[in-house]
Structure formats: structure tokens, C-alpha cells
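After this come two complexes, each holding subunit A, first together with subunit B and then together with subunit C.
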Partner chain A sequence: MMELVRHRRFPMFVLGIGLLIALIFPWIVQDRFAQNTAIFVLMYGLMAQAWNIMGGYTGLISVGQVAYFGIGAYTSAFLYTHFGINPWIALLIGGLITAMFGVVAGYPVSKLRGRYFSIATIAMAEVMRISFSNWEYVGAARGIQLPIEKESLLTFQFHSSRLPYYYIILFLFIIVNLVVYFLERSRTGYYFRAIRDNEEAAAGLGINRSFYKLLSIAISAFFTALAGSFLTQFSLYVEPDYVFASSISITVAMVAVLGGIGSLGGPILGALVLIPLSEYTRAWLGKQGQGLDLMLYGALIIIFCILEPKGLMGLWKRISAKKRTNP
Partner chain B sequence: MFIQLVVSGLLLGCIYSLISMGLSLIWGVMGIVNFAHGAFVMLAMYAAYYGDQLLRIDPLLFTPVAIVLLFLLGVIVYQIIIQYVVDGPYVSRLLATFGLGFFLINMAQFLWSPNFRTIKESMVHGVWKIGTVMIELPKLASSLGSILVAALVFLFIRKTRTGQAIQAISADKMGAALMGINLKRIAAFSFGLGIACAGAAGSLLATFYYIFPDVASLFGLIALVAVALGGFGSVEGAFLGALILGLVETLGGYYVDPNWKYALMFLIYLGIVLVRPQGLLGRGKV
Partner chain C sequence: MNTAILQVEDLYKDFGGLRALSGVSFTLEEGEITALIGPNGAGKTTLFNCITGFTPVTKGRILYRGKDITNWPPHKVVRHGLARTFQVVQILDDMTVEENVMVGAFLHEKTVQGARVLARQALKQSGIDHYTEHLAGSLPIPAKKRLEIAMALVTRPALLMLDEAMAGLTPTEFRDVQELILNLKKEGVTLVVVEHVMEAIMPICDRVLVLNLGTLIAQGTAKEVAENPDVIKAYLGDKYARNR
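Our next item is the complex of A and B:
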């Protein structure tokens, strides 16, 4: 058994098994709540992996990812209701527009570091929430309702079953993971990590730090926006307080940090642990009164930060390192 | 009208600066950006509210009680949470205080419902007219109270032995430890003191501001932006940042649109750090 665990290809083996389980999951578990939870695991997994590109690899710790999420959600809802653009194309345009926003807004912000950067990201997200709450053209505080259409893959609407939504978000989730997998091994990925570890040294070696920081923000914003567009189609409405909720930013960062940042497996692991935990406590405690479930969630975040500041991947590395030293 | 707005803005800015001062103090001593700072302001507002409702103590007079209560709460929070994350990675420090804020805000929702509350009539009320400028007395009293508390904290840090230890740690942690300063004890004390500043501000704000759980996010963000605007590690900077935000809030609320005033405050911040990434009075590297 230990031989197997220590094998070089063991992580790939785990991922393969995981993918297989993910593919057949909704056929084994028919429970509607469990299926919804699985959809949220993948949605937050997607966003946390996108966060990881910025935060884990490039060292730009954002606590305002909801800005990208909300812009993506709004763009696709708006394009669909105002111009009748097909939701799939709207999803892509939403991603691209958000990536452009990421570059334009990120240009001044990416010059900041550490806490200054983090605070600027929250301020940015808050500016977006306030702007969309007051912008009449996109429905201000009322948001946008999507019309109900006939269900088909083309309209991105399914009423009789959750399965199509599940497979769509699984597909997007796999794509972001593939991107990170190849990024990790590419020249660009090494530049990202060089900037994270020592920005001056990286610049000294001739890495164009502004360009690579903005590139990582753009990729991250693109995928976060896809998650936002997905939510638009899934819930058929957008509202400023719903798609720009600061709790989304915290959850995204928390999923990545809990799993372990700067590694491919971290955000996946984090989403698998944190999202079911929070969804089931919500179901369990939600009826007891407003806020109790979220109180517990806050306490959970604190406990994780105290016990495992390097994340579950850190725990895993410690265990496997121990095995190596004392066989 | 302009002078009127400037006066209101400065009054508001004084209260913001007391909140920011606590945040700046905590940052200086232990390198933690307290994202839960606003939640402590909110708790103090509720404490003042119940002091008024149950004990019939005016929020202005309740301020010393709020200071003591929040100081103790701050020391307890340091002992059970902060001391364990203070040496951890940046992200876990950041998220631990985020989690704390989330916990406290939702605790308030659970215990006291999300409804807005106000204190009917504070002992200081009415309006003071100087020429065309109207000064609302509750705001004036709260601002003067904030200045008083801030001055006392400032004197404490400059004049007492404990205060000098705090300064020493902010300047050079290792050196201070070598001089025999008990880092843990001073850190616990400073965290309590920083939270007590938030507490005093909360109690003073309760005289005229709406009280509801989510008020925490707003004041927390204002304090963060004020400190980042002024430059981390500079108490004077935090003051200046807070005054600017107060002015932008009232002037922007009138000349632009009240709905956009907070967006405007954060945009101005983003604009200023674009030119000076280290904040207005911040020194050294970002």
C-alpha cells in the first residue's frame, strides 16, 4: 500500500479515479439536494482554481473575486435578455469582457502588494456592487430576470433534471484544471511563481512583471466569470446583492486556502471538503434561525486557519514526508 | 452649503479616524490586518443600544463602559484566536480575521435580527447654528468624544512604559524582545486597545447612526481604506485618510449622488494608491 502511495504517478491515479467518480456521481446519487451540492462543489472548485492562478501561483491574494463573478453573471444575463444572444456565446463573451475588465482595473491595482493589494480588491468589488445596484440600465437593485425557455442544450435551460447542469459545470471545471495543469509545467507558470517568490529578482532576470501579473489576472477573471454566467443560467436571475455578495469572495479564497494554495490539487480538495460542509450545515441549522449556520461557518474558517494554515495539501505532504523518513 | 458639508465631513472623519487608529495600532504591533474590525464597532453599537434600552444609560456616557468591555473582548479574542495565527502564512492570517468578522456579524443577525434600530433621543440633541452652518449636536458630541479618546490613546502610547513597549515592537520586534519586552503580553494588550478604540467609536456612533448587523462591513471597509490610504504603520496617515473619506462621503453624497457616495470613496482611494502605492504618509516599500 505504502509503495503505491509513494509512487510518482500516485496523484495522477487519484485524479483519474476522482474523475471517474465525478462522471458517474449523479447516476448513483439521485437525491436532489446532494446533486445541487455537487454542482456547487464544482462551481466553487472552478472559482477557487481560478483564484489559485492569481493567488497561489502569482501571489496576488484577492478577496474580491466576486467582482469578476458578478460581471460575468451580469454580462451574460444582459446579452441574453437585451440582444437575444445565445447563452453559450454570452457565456464566452462574458468571460472575455471580464478578462478585459480584469486587465484594465488590474493595471493600477497590480502594482500594489500584499495587504494593499487585498484591500484594493475588496474596495473594487464593493464599487462594482454599488455601481450595479444603482445602474438603471441593468435593472438597478431589481437585477435581471431571465425568461423561461424550452429546455435544450442550445437554450442552456433544463427543467426536468439537474444532470445537464452538472455535466456542464463539470466540463468547465475540468477545463480550468487542465489549464492549471499545463500552466504549472509551462514557462509562463514558472514566471508566475518567480514573481510570487521574489518580484525584484524576477524583474532583474528580465521577466516583464506587469505583463505576467495582468496575464494571470486575466485568466483568473475569465474563469471566475464563467462560473458567474453558469449561475445566471442555473438560477435564471441576477441581483446585485446576490451575485456581488462579499461572502462569495471569502468562500472562494477559503476553498483554495483550505485545500492548499499553489498546487493543482488544493482547490479541488478544498471544494470537496468545505462546500458540502457548509451546504449541509445550512440545511441542518438554517431553519433554527437566521445566521446560525453562517456563524458556524465563520467559526469553521477560524478553526481551519488555526489548525492547518498550510491547507490540507500541507497536511498530506507532512504525512507522506514522514513515511519517507521512517519507512 | 459647501462649508456645511465640509464641517459634517470632518465631524464624520473624526469618528472614522478613531476606528482606523485601532486598526493601525494592531497592524503595527502584530502585522495583522484586522478584517473583523468593523464587527467590533457593530458589537459596541449594540452594547450601547442595550445600555440605553435596559439600563437607561446614554450612549455618550456608556462609552467608557464600551471601552472596558471591548478591551476585554479583544484580549480574549487574542488569547483564543489571534496568537495562534499571528505567525502563520499571510492568507491564513487574513482569512482568520475574515472568519471572525463573519462569525460576529451572523451572531448579531441570529441574536438581534437584521432589523434596523436607533436610539430615540440621546441626551445631546438639537442643532447649533453658526451663521448659515448647522451643526447637529449629537454628531458634534460624538466627534469630540472620538478626538478625546484618540488623544488619550495617543498620549498613552507616547508617555507610558507600556506605550513605549508598543512603539518599540512596532519599530523592531526582535530588538524589543531582546530588551526584555514580553511580546505576547504586549500583543494581547495592544489588540485589546485597538478593539477598545473600535468600541469607543461604536458607542459614540450609536447616538445618531442606524444599528444593524451589516453596519460592520461598511465601517470595517472604511477603516481599512483609511489606513491603506494614509499608509500602514502611520497613525497620522490613518487620521488623514479617515478625514479625507469623511469629506468625500458628505461632499460626494451632495454633489454627486447619495447612492454613489461609498463607491466614490473607494474609487478615490484606488485613484490615490495608483499614484502613491504606499499611501499618503506611508514610508518605504509597499
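Our next item is the complex of A and C:
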């Protein structure tokens, strides 16, 4: 069966409406838990979109994104507490250092393909967690505590309201989505997808595989580190088991995969559905401490994967295709 | 006016203990169509892979327009004007036909719009412009082979190497490919064609190279090669060579 490809992209007006809702959301919903959840939706949305650059477009399926997340978190915490560097600048430096780490650590790993690459990313994340747990200079297992400062945009600390945090993470989230939007429409984006589809063919068409793989890792690591730095400012402490938790890597990959990889809308939809699901099942069922919330959460994911293996974007496409055939 | 576009000098390729190419030397002249033939396992594809940088060379030299390109990475080889297709089609399954060709077009055109224009031209030239919006992986085999040629063409090669572009095609289909090859020659492209379908390639080539068990056993015009006893032996066995 030959397949014609049309209407591949998420309609832009939907994104526009979504953005509008996101901008006024905290004014409509005042509930603190809901606002917290919204912040996590955006934080995981940011990371899942960053994952999408590597995994969805370039085909480098990472299950170790937490390595970049943790390094970002630690770098900004460290720069702030040891050198008094402004959190905003620390955030940027953290991103750049992590991007460099991504390139250096990624160089040998990017020669691996498919599942072997994925396994290597798990190892990389674990090595980071264990290294930071034993590194006395950065507080070893105790981590780093950030001093509480006066609240202002400059200090990146807000105590009376969650709103500034919400808008900051929304801003970062919008930036990563813009990057993916323009990437999709650029030569680099085409090169990423070509490498994902067939490395030999890509090389035969003049693409320097190593360079473009490392470029996609660097961009992905940069934005994942921004999420890490954000969490540092949000919770005012970092410790290895918290910012290098393998569950973060898994959640990020799952948000992207469940949403539908290799498209702009996928990670956004994934984060919108999965994160509230996880937060609310935990709030309702997590108190007994028997992991009932995780069971329900896991069961929902399994059911979803069976019913819609192409992710939420697949569901979206099916619905819009149906609408087109019977108007 | 003949000048060498590609010189292969004493090329060896070992896969562990297996010698796939053994002292292969030849020269390709600018603007000619060369057929590379030989029984299965003769080393034809390995030779392609060595020249285009997909497999590292064990020993020997490859000169392209006088420049030593031995063991260059594939993307660098393409940029210098040496493109190829693969025996087993290598296309980008999850991208559209047009996008497949656009990826190659980006070599000469940085913008998406510009690349699309070049891609459309190449698709037309290879006769598959009616598939533009189809998913490449869903095409029938003959169209996939055409697409691969379009992808190679859009990189604007001076030397194009086709690895069994006509295998599995019906006589009508391979006549189209023959015509395409002859048109490319007219435009000044040098071609090396690996082919098993003798009737498809013999009438259109200027020269034939015969590879057997990793060694070049004959080269010359189609007629010379067809009468060469070593070639007959390689293809049909000792008995037929003696009977002639």
C-alpha cells in the first residue's frame, strides 16, 4: 500500500489557542497543587521536546537524559553558591557546559546504533549519579543547599507566589518549541531525520553523520540542562538521588513516546496528559504508600500503548482524518 | 581528449581472513560508461564500498581526478562529485519521495525552498515526479530504484556508480533506465554500472571490467570481454571454455 503524506503537521492555530490558555491558566486556576502540576507539565514538556530533538528527529533514543538534567542542576547550584554567579547566567553556563559534556560523552557513544546507544545512555546517567554521590567538592551525597534570598526576578527566587516560576518555565518551554519549529523547517532538521531513517543513505547524500548526531545531542543536552537549572531554583537544593534519579529519564522518554515522536506536537500532548495523570493519581492514591498510584499509572500507559501505538499524535491524526472524510 | 577521472591502484580488501579484493587496478576515462560485471561474490559491491568510503581499504590507492581519496569518509567523497546507489536500496523510508531528494539537494542549496526546486528537477529527470508526496518506504521496488538514482543525481555527480540499478526490473522498465543512463552520458557524467542483466548493460557500455574472486580477470570492449576464455570460464565453468 502506497501512502500519501499530507497534513503531517500539528495545526498552528491549535498551538496558538494552547499558548493563550497557558498564559492565562494560573489566573483562572488558583489551586496551588494544580499550579505546581502545571509547572511540572511545562518542565517535563521542555525536557521531552529536548529528548525529541535527539530521539524523535535524529533517532538517538536516550534513556539517560537525567545525566544532562543533573549536570545542569548541579552547575547552576555550584556556580551560585561558590562564586555568587547570578542564577540566570548560571543557568546559561550550565546549559553550555552540559552541551559540551553531551558532545564529549556522546562522541564514542554516538557510533553505537539503536538499542546499543540506548543502553550506553543508561550507563552514562548512572556513572554521573555515582560520581556526584562521591564527589566531596560538590557536597557528595548531601548535595548543595541554596541560600534563601530576597525574592526578585534577579535572584530567581519567589516565596509568596508560584506565578513567576510558572512564567519562567513557560518561557523556556516556548523557546524549545520554537527551536524545534524552526529546526523542522531547516536543512539541519532534514539532516537529522535522514540520519534517523538510514545512516548509510544519509552519508551517501553528503551528510557528516558524526557532526549532526553530536549537534543534536548538544542542543538536546542544552535544553535538558535548563530544566535542571530551573529545578535547582525551584526547590533550592540539589542532591544526587534527586537530580540524577533514573525515573526522570524514563518519564521524559515516556512523555515523548506516548505523545508521538518526531513531531512538534507530540511531546506537548504527552506532557499535558501524562504528568497530570501521574501527579493526580499520586495525590489520590499515593497516601497509602502501597504504590497503588504507580500501578494505575502503569496500567493506563500499557492500555494506551496497545490502543494507540503511534502516540497521542497518532490519535490526533486519526480523529482529524475522520473529520475530513465525513464532514 | 580522454582523461582519467578515477584511478584504482593495486587495491586490496581483507575481511578478517577473507580476501575480497586482491590487487585490483584500473582507470576510468571521463565521460565513459563502464560496466563492472562478475559472478556473485566477485567483489563488485566491495569495490564500490571501498571507492565511496563505506568500507576501509586494506591496501592500495584510489585517485579521483588525481586527488588521493583513499579512505575518505563517504560524505566527503560525495561532496567531491562521486555519487552512488546501493545494491539493496538505501532510501529514507519515513520521509516523502521529495524530502528524500531534498536531503541530497541541500549539498548545493541551503534553503528549503531552493532544495525543493532542485529536488523536483531531479525527480523529473529520473521519471518519478508523480510520486513526489508519497512516503518513500511505501513505493514499489522499481520506483525505489529510480528514487535512489534521483537522490544520487541531485548531488550533481561527475562520476556516478550504480549498483544493480536494473536488477528485478521488467524489460520495459530497464529500457527506461538504459535511456536515463545514456542521457546522463550525454550530459557528461561518467558512469560505472554493476549489472547482472547482460542484455541491459552490454549494448550501452563503452568498456567492461570483469571481476572474479576479487581479481580483475579481463577488461576491454563488450565484444572482447565476451570472447575472453577466462570470462567464459568464470561464468560457465571449464567445460564451456574448452569447447569453444
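Throughout what follows, the second predicted complex is superposed on the first by the 310 of 327 C-alpha atoms of A that agree within 3 Å, B and C clash if a C-alpha of one lies under 4 Å from a C-alpha of the other, contacts with A are read in each partner's own complex, and residues count from 1 in each chain.
By definition in this document, contacts are C-beta pairs under 8 Å (C-beta built on N, C-alpha and C of every residue); 3 or more make two chains touch, one makes a residue touch a chain.
The model shown is predicted, which means the values in this text are computed figures rather than measured ones.
In the superposition on chain A, contact of A:294 is made with subunit B only, not with subunit C.
After overlaying the two complexes on the shared chain, residue contacts for A:193 are found with subunit C alone; subunit B is out of touch.
After superposition on the shared chain, subunit A has more residues touched by B, the comparison being subunit B against subunit C. Within the superposed three-chain model, A:185 lies in touch with subunit C and out of touch with subunit B [touch as defined at top]. By the touch criterion defined above, A:114 reaches subunit B but does not reach subunit C. Contacts of A:145 after superposition on the shared chain: neither subunit B nor subunit C is touched. Within the superposed three-chain model, A:202 lies in touch with subunit C and out of touch with subunit B [touch as defined at top]. When the two complexes are overlaid on their common chain A, residue A:86 makes contact with neither subunit B nor subunit C. In the superposition on chain A, none of the residues of subunit A is touched both by subunit B in one structure and by subunit C in the other. Against subunit A, in their complex, subunit B makes its touches with residues 33, 81, 84-85, 88-96, 98-110, 113-114, 213, 217, 221, 224-225, 228, 232, 257, 259-260, 262-263, 266-267, 269-270, 273-274, 277-279, 286. By the touch criterion stated above, subunit C contacts subunit A in their complex at residues 52, 54, 73-76, 78-79, 83-84, 86, 90-96, 99, 102-104, 106-107, 110-112, 115, 131, 133-135, 138-140, 151-152, 155.
Against subunit C, the residues of subunit A that register as touching in their complex are 1-6, 185-187, 190-191, 193-194, 196-198, 200-209, 262. Considering their complex, residues 55, 61, 63, 108-109, 111-116, 118-120, 122-124, 126-127, 130-131, 133-134, 246-247, 250, 253-254, 257, 261, 289-292, 294-295, 297-302, 305-306, 309-310 of subunit A touch subunit B.
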